[in-house]
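Please find the structures below.
Here chain A shows up in two complexes: once beside chain B, once beside chain C.
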Partner chain A sequence: MPSLGADMDRGKILEWRKRPGDEIARGEIVVLVDTDKAEIEVESFVAGVLESILVAVGETVPVGTPIARIRTAERAARAGPPARTELPAGPEPATRAAEPAKPPPPLAPTAPRPRPSPGRPHATPLARRVAEELGVDLGGVSGTGPDGAITREDVQAAAAKGRATPSGPVAPAGAPPARDRAATMRSAIAAAMERSNREIPHYFLETRISLGPALAWLATLNAARPIAERVLPAALFVKAVAVAARAVPELNGFWRDGAFVPADTVHVGLIVSLRQGGLLAPALRDTAEKTVPQLMSELRDVVARARAGKLRSSEVSGATISLTNLGDQGAERVFGVIMPPQVGLVGFGRVREEPLASGGLLGVGPVVDATLTGDHRASDGHVGGRFLAALARALAAPEHL
Partner chain B sequence: MTRDALYAEILAALSEIAPEADVASLRGDLPLRDQLDLDSMDFLNFLVAVHQRTAVEIPESDYGRLATLDALVAYVGARAAKDRAQE
Partner chain C sequence: MTPERVKLSFREAFRLGLRDALLRDERVFLMGEDVGRYGGSYAVSHGLLAEFGPERIRDTPLSESAFVGAGIGAALGGLRPIVEIMTVNFSLLALDQILNSAATLSHMSGGQLHVPLVIRMATGAGRQLAAQHSHSLEGWYAHIPGLRVVAPATLEDARGMLASALADPDPVLIFEHARLYPIEGELAGDAGAVPLGGAALRRTGRDVSLIAYGGTLDRALEAAALLAAEGIEAEVLDLRSLRPLDEVAILATVARTHRVVIADEGWRSGSLSAEVAARIAEHALGELDGPIRRVCSAEVPIPYPKHLEDAALPQSARIAAAARELVGRRG
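This part shows the complex of A and B:
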């Protein structure tokens, strides 16, 4: 079960789009997963043949649980034993299903399998599920499985002896939460924001950016375009953030295992508010490489699908920096909360007319207040200041965006 | 198209953008975006839907005059009549 956003800890299989034996191309949609926030189409990150499905429709499993096996194409082409990759390992430790009769499958060829994180006990998915059902805290159970993994028997023994501490009320595994989407959305956001504010020492910077040149450039662009292809300032902001993130790479990436890991490309995550309440944060891939009109059409598409609750796995994960844009009806400025494991969040308030001093004269023109929230573990205010300066430069010369 | 028919067409376009809203209860004389909490993306999609249903071109420079439903209906009606006169 891949991690489809920082706020997801489990997912429910809604529909398998592929059957065992089917060929799968890289990027092809394999399975539809329900997170607490939306239905996500999960794409394969490898090409190959679907060998087996490990989790049935209707079942809910924690992030990191293998849900299918794919025999990869390049290994199958050779004469050697078939390589298997578990779909998809995701950033969480991929605990292996207990299958004593089989030799351990080779590791995923695309990425090294992450070691179990210290905060999470090493346990089989079945053991986790049984532990949830029995209210057993895995932290108090010693494992007897391979590599010291906690097995179902260990959990049952612990529950029988009554020495495991109850872990409080948990949602029954395999059953859909009784609450509606709005409530699960709220609790997913609550969990992510709690984690962010608990773990990340935020710092906040703000700068006012004159939008005269940018809006004039947009007006000229739009005058020549049919209504369905017109570009909103939001697309310009997305591009400007990507350009600034490329110029100041210290804010583009992730905080992982106590260190900053820069990303090698920029995927701007866009915080989208939903009409029915709540937020989603789809990423626009390779944002810095795309033109402003191209980004506008992706923006319209992704916002429409986010609001319909239909996003793809490559969109809901992988953002390297996020952008929140309150639009032209919102407040004048916004100081956001970082989406872990990212280290920066850019906020744009409402575009409005303000008095502006320039060249010793006072005029009136459109401005926007741009803010940066930074993770102080990964960068300092000086870096943040350089980022906002790069953002202002980008918006002052929109023809270069 | 009569004004009532045009009004109904525009409400139908609005329902595409805000399916959860009771568009029949909207006030025609008050700012539309405040009543429905439409952001700039919603508003653009709404005008695209109006264009698709009425074939009337709405230049971006006129957006500011289209704050209420009444103003929008009057604007689209006048543009449609002008287009017909030119044919």
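This part shows the complex of A and C:
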């Protein structure tokens, strides 16, 4: 059971997307796991053949428990006894030489069937139609039909379960009812924030950044784009944070075993508040290497999927620094609590017009208050100040972003 | 007054239909191999030569192309011929006449020439007649525009389809499943003509639809009885007409049960069952709560030994197993 975030200590198998004997490519989705916060599609870290499934649908196991065995491609190609990779004990593939392997289980003696498209639940057409009518998310329904397909009855049962009172019977598999999820998510956030406040000596810095050049640059960019593809300031903030984190690497990384471990690339974790309450923090991978419009489209996608509870394992773990942007909700500045094991959190308040002194003159222009929360074990206020200065420089010259 | 029901075989029901037709219309005559003195290969026309004479019950040489062609000519000339072909395997020798002449003349003459020809032929396996007398090729004929193709599977249809076929101004092919001839049942004493078109529900149910025709209808009904004993309610639709297909009835049963098994004694590849499945997929995909399943003949020439012949055919146990899997229960 992979760790899909620092606050996760156990996970429940919701659905196996692969069966024993299936080939798996690196990065392919193998299993759907329910953490206390969301349903996560877990990708394989290795290529190979799924040898066996060790944890059945509906079971909850602690992080680190082997949940499946994958025979890796390179080992299988060799003549010697195949090695197995257990999926996945942690972010790194845990490979070990195994005792002489049993022969792989025979494949089903049927004609080859096309594999269901990755990420698309295997459901009958009628089940899809009924799910749409009832507003049931097929990702959380387990199938009882031919070849494990989700049938109409499965959807109706899932819909009935969603309406059931908490005291009602709850089947072992499938997504928990929405109310339960909100409660478990709340307690997961509580645990993570308690730990953060208990363990991390936070320091807080703030600076006001003029957004005149940035907003003008965005207006020019957006003039040529259809409404659906317009770039919002949030994408600019994400990119600026990544650029500043690259410039000040002391804030980009993790506090592990009493020491700071810098990350070798920047994955900005975006704190997304969910409509039903609670937070998720998916990472935008390799943020510094991407253009602002690219980040905008990733941002739209990841926010939508976070709110639908459909994130991938590579997104929920791996953020190297986080960004919270309360801008559209009215607060002028936000001093956040760091998500361990990260050491920095950047906050943006609401973009607004303020009196602004510049070159001896007083004018009015758009500004945003940017804050930095730092882990004082890993860095000092001076480093944090350099970070905010780099952030301001990046936003002053958006054309270089 | 309720008409008395009589017990009779499919063979006798077909014979009653023939007799009626011969009595009612002087233009009607029957010709084919051994239909006269021998009484028909399957004894359907037994006794008709004595009753109607050699002018109207005509034995022909062993040349399907010649006597089907003669039938087309007679139909064009104003008669109402019924041509019997001993088995569908032999009809291939007359395929040129059927496809290139009978099916096309109305179209090519701009509707000036109609071919009111009826061809009856035996089809199907189950009587240990081996690979040259046992195939089910009616699906091929159902491919051809210009033909009407029907497959009686009940005594009512065996008795009553011929009259309607003769009334049709264009060629009609009647496929009589050879295994059904000796099977007996009850039929109303006053049974008569039945419409050629339209599928018929032979059993209603809400869990799964079994679509069958001709020689698979009784198998599907047996399967439905097996399933009923397990609490699965199967609906059985008898296609009756293979061309045109009653799409409305097919889609309606799918909309009721959302699960479909098609039983077809033809080979699966390119079969009539493939056409039915395609129509469902084209027009009722959103109604399907599981894949369409087909139970067809094994893709081999039909074997002679009984155990192999049985194994090659769509038996009721296989139909029931397919239905069980769709409904989600293992037998």
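Going forward, the second predicted complex is superposed on the first by the 312 of 401 C-alpha atoms of A that agree within 3 Å, B and C clash if a C-alpha of one lies under 4 Å from a C-alpha of the other, contacts with A are read in each partner's own complex, and residues count from 1 in each chain.
We take it that a residue touches a chain if its C-beta (ideal position, glycine included) is under 8 Å from a C-beta of that chain, and two chains touch if they have at least 3 such contacts.
Keep in mind that what you see is a predicted model, and the values were worked out from it rather than measured.
Chemist: In the overlaid three-chain picture, which partner chain does A:L299 touch, first (chain B) or second (chain C), both, or neither?
Modeler: After superposing on A, A:L299 lies in contact with chain B but is clear of chain C.
Chemist: Check whether A:T320 is in contact with chain B, with chain C, with both or with neither, and answer first, second, both or neither.
Modeler: Neither: A:T320 stays clear of chain B and chain C.
Chemist: Looking only at contacts as defined up top, I'd like to know whether chain B or chain C touches more of chain A.
Modeler: B
Chemist: First (chain B), second (chain C), both or neither: which does A:L126 touch?
Modeler: second
Chemist: Once the shared chain is lined up, is A:T60 touching chain B (first), chain C (second), both, or neither of them?
Modeler: neither
Chemist: Quick one: classify A:G145 as touching chain B (first), chain C (second), both or neither.
Modeler: A:G145 contacts chain C only, not chain B.
Chemist: Where on chain A is chain B touching in the complex?
Modeler: Checking each residue of chain A against chain B gives 219, 222-223, 227-228, 230, 232-234, 273, 275-276, 299-300, 303-304, 327-329.
Chemist: Quick one: which bits of chain B touch chain A in the complex? Just the residue numbers, please.
Modeler: Residue positions touching the partner: 18, 20, 33-34, 37-42, 44-45, 47-48, 51, 57-61.
Chemist: Touching chain C in the complex: which residues of chain A?
Modeler: Where chain A meets chain C, its residues are 124-129, 144-147, 149, 151-153.
Chemist: Looking at the complex, which residues from chain C come into contact with chain A?
Modeler: Chain C residues touching chain A: 258, 285-291, 325-326, 328.
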